[in-house]
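Paired with chain B in one complex and with chain C in the other, chain A is shared by the two complexes that follow.
Here is the complex of A and B:
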């Protein structure tokens, strides 16, 4: 067998380095979360699952987890239908100014999270003054901000699935006597389904893990999980924090696997 | 039908465009230690952001880190994207999901991983100490290198996925033809693959550079208190300094650089390649 050529070796080395950089932090966190000793050190003196209970006992993590679940679910439930409707109109109505509107709807992706977050914070403070009610550090305020994250992803993914669809199928259904709503329900909607499912996945995850947009909008009574983790990490990293991070990693993995049963993720992105 | 875009558009107008306009208005105000904010129309905050040595340094650090990280991500991402694009069948979707997965795991989670790897008691130092290769832990954390490693890890999936989409569109026969005509692998890459992949290189680099410019978690957690980039500097003005007008000006400088690059990048692409 011939020795691999130098350029093949370099190529393989670069690919291996890229995968190591991407995966090493994720794997390390998962491994540390089951170490028995509290101060992170190697080799471990044994393995335990008690840090997971410990993490749940810490209010900031338990509350942050529930809060993030609520915010991400509500933001997805509101944002995906809005984004889907917009994508349908953009692709199908052939309206004038469609390009401008699609730029507007993708805007939340172009504005840096910290910038959008500070702008919303100022806006909320102003609105609180006018409306005389709390908006910052409330569930509603956070959900409204996170809906903003879900719209560009939904518009992008649903638009892609609509553009790949053959319109002849809709015309055929109409010719065979289906009424417009039936055509939509039996032909158009199924064609949009992969886009919508992928949009739900991305929206939920984007919202669940969002840090920058939420930083200024959380408050003492309501913190999201990533913000709680950031505050903790500024002082130390220990197995308890690693356990919280691992739960988040597993949640993403489960969502990916479940979604992959319905649509091929590798082909959607 | 067209009315269906209204709810989403109104929402973005209310929650993004209106707040941005308000933030811009605030950036023209003046800061007063007693009243916090005085109505004004001046560019003083913007001038201070580029003239004050501290903030100029923050901006320069951010630009340098973003440039370095983008180049590294390109160097590592291109071979990986090529490898991914030329894969077939089941393995390909598995590899794609392996690249996508870290992207979906939050930045804070990955920063926690780097802390556990690079810290004084972390995996790398503990292994080296255990093998007797070093006598005291190496200071791997709280420096520019740690921040760059953290950022590159965060942006690599974006680079790889953008590039591999473009490389997949390059007909394999062009490479085979060049090889048959006697070109060595490096020459095939330089003369055949790279020129055809340039739109992807440009798109990926612009996307990644913008992400790097806006880094928050990696900069705060891996850089330590002395290390400052733009996004944390903006946040600090609102939380610690309470100087809203100056914070708003910093935010708009960051946004300006981001938008100019994005627009310039897509314009350059549109003119040359129409894709």
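Here is the complex of A and C:
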């Protein structure tokens, strides 16, 4: 067998380095979550699962998990249809200023989360004053903010799947007797499907793990998981957080794997 | 099944004209080709028949009924798209059944008709494949089957062969034509390939810049072209600018006086059209012409000639090995002749004087 050429070795090395850099933090968190000692140090004095029990016992994480799940689901459910409609309009109508609107919709990606969160907080306070009702610490307020996170992803992903489709297929359907709505349902929607599924996934994850935007907007008793973790960190530093993070990482991994069974993510994104 | 009538059909986009005014009567069971270079309006015309482009003038009648304002789904046409436009997420069977489904035809009959039409295009047994699992030729036949299965009154083909390789193209051409004749389909085909049009269609419509130049059979267009554009587009042709000096005598722009088949009339700018196969060449030391280049093409040989400053192309059967023609080489003097009747006088190409608005 011939030895691999130097360029192949260099390439292989770069790939290995990239993967190490990306995966090291994840693996570290997972390893730390089973260290026995409270203050993280090396080498471990032993291994235990008690931090997982501790996380389970502390209500704020379980509640935070439920809240996050609730907020992420609602934000996805509202944001993805909105983003899909926007993508359709942008790609199909050829309207004036489409490029500007498209940039605007991608805006939330460019603005730092803390800035956006603070701006929203101030805006909500104003709105509360005008409307004379609570917004800042309500579920609605938080979900509305998270919808902003879901829209850029949805617009990007659905636009990509629409641009990749052969519009003649829609004409063919019309030619065969399909009315406009049937054309949409039977031809256009299936073409957008991979984009929409990927958009749901990314939207959900974006919302689920968001800390900065949520920080000022969560109300008492409605703390999301990332905020609950930050709160915990203010008082103690022990591997409980690593245990919670591990559970979160596994959840996202499962979501990705399940989605990949329906649409090949590598092909869509 | 039915006839197709285009009545003064036109399309403008703002001030630019895509299709000027097309009058065409396609009889039941006839196949008509719209032929022309890209941008001539042939595809726009086809799309107006299918209902994807709304005409700005004129009418479209299918089977005698006016469908000018009808949406595509309400027109009884079956179209084969250049890209085939198969539904990528549906199986071959579902693609073909789509039109029947839209017509609310029961499952049993649907399945039977799909089977029959797939047998017709020789794709039986491939019902469950996805389009991307098929070759280009097979995809093309699925597109044909999908359009045929609904028995459309008018069959529309938009450059159906342009995505096939040359060898397959010839085969499919014959297949489509045979199918069209067997089923008696009223058919409109759009193509920029003159060979395709000549071999498939009963009649051809030559279009250029939104206008119909000539309508006729292959023989009409080749032997009796109406203008220099048609003469040059359908087959190869020597087109010489000049004018008729006296009956039967044509003076080229470069000054040569040539015999032509115009019995009467004189003066006025004109174009002399002379098919290369009608030009005879012979070695002659004192001949008026000069050989510029010879191209050997197997059964035929092309001679590029210069006749007193005028370039001419002659195509002759390749002479036998002993023939003195075989020894001709560039620079040699030759005699050039043709039957006066073979040289047709056509009206000079009119520069587009009419304003576009």
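In this text, the second predicted complex is superposed on the first by the 231 of 269 C-alpha atoms of A that agree within 3 Å, B and C clash if a C-alpha of one lies under 4 Å from a C-alpha of the other, contacts with A are read in each partner's own complex, and residues count from 1 in each chain.
Basically, contacts are C-beta pairs under 8 Å (C-beta built on N, C-alpha and C of every residue); 3 or more make two chains touch, one makes a residue touch a chain.
Quantities reported herein were computed from a predicted structural model and do not represent experimental measurements.
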Please determine, from the superposition on chain A, whether chain B and chain C clash or fit. fit
Should A:91 be classified as contacting the first partner (chain B), the second (chain C), both, or neither? neither
Check the residue A:192 against both partner chains and state whether it touches chain B (first), chain C (second), both, or neither. neither
Thinking of the overlay built on chain A, is A:177 touched by chain B (first), by chain C (second), by both, or by neither? second
Which of the two partners, first being chain B and second being chain C, lies in contact with A:120: first, second, both, or neither? first
Classify the contacts of A:168 with the two partner chains as first (chain B alone), second (chain C alone), both, or neither. second
Which chain makes contact with more of the residues of chain A, chain B or else chain C? B
Which of chain B and chain C A:151 touches, first, second, both or neither: first
Tell me the contact category for A:75 with respect to chain B and chain C: first, second, both or neither. neither
What does the superposition give for the shortest Cα distance from chain B to chain C, in Å? 17
Just which bits of chain A does chain B share with chain C as contact spots? none
Residues of chain B defined as touching chain A within the complex: 1-5, 7-9, 11-13, 15-20, 22-23, 26, 75-77, 79-80, 83, 92-93, 96-102, 104-117, 119, 121-123, 126-127, 130, 149-150, 152-153, 156-157, 160-161, 184-186, 210, 213-214, 216-217, 220-221, 231-232, 234-235, 238-239, 244, 247-248, 251-252, 254-255, 258-259, 262
In their complex, what parts of chain A are in touch with chain C? 166, 168-169, 171-180, 182, 186-187, 190-191, 193
Where on chain A does chain B make contact in their complex? 5, 7-8, 11, 14-15, 17-19, 21-29, 32, 39-43, 82-83, 85-86, 88-90, 92-93, 95, 101, 104-105, 107-108, 110-116, 118-123, 126, 144-145, 147-148, 151, 155, 205, 208-212, 215-216, 226, 229-230, 233-234, 237, 241-242, 245, 248-249, 252-253, 256, 260, 264-267, 269
Residues of chain C defined as touching chain A within the complex: 50-52, 71-73, 75, 77-79, 81-83, 85-89, 98-99, 102-103, 146-147, 150
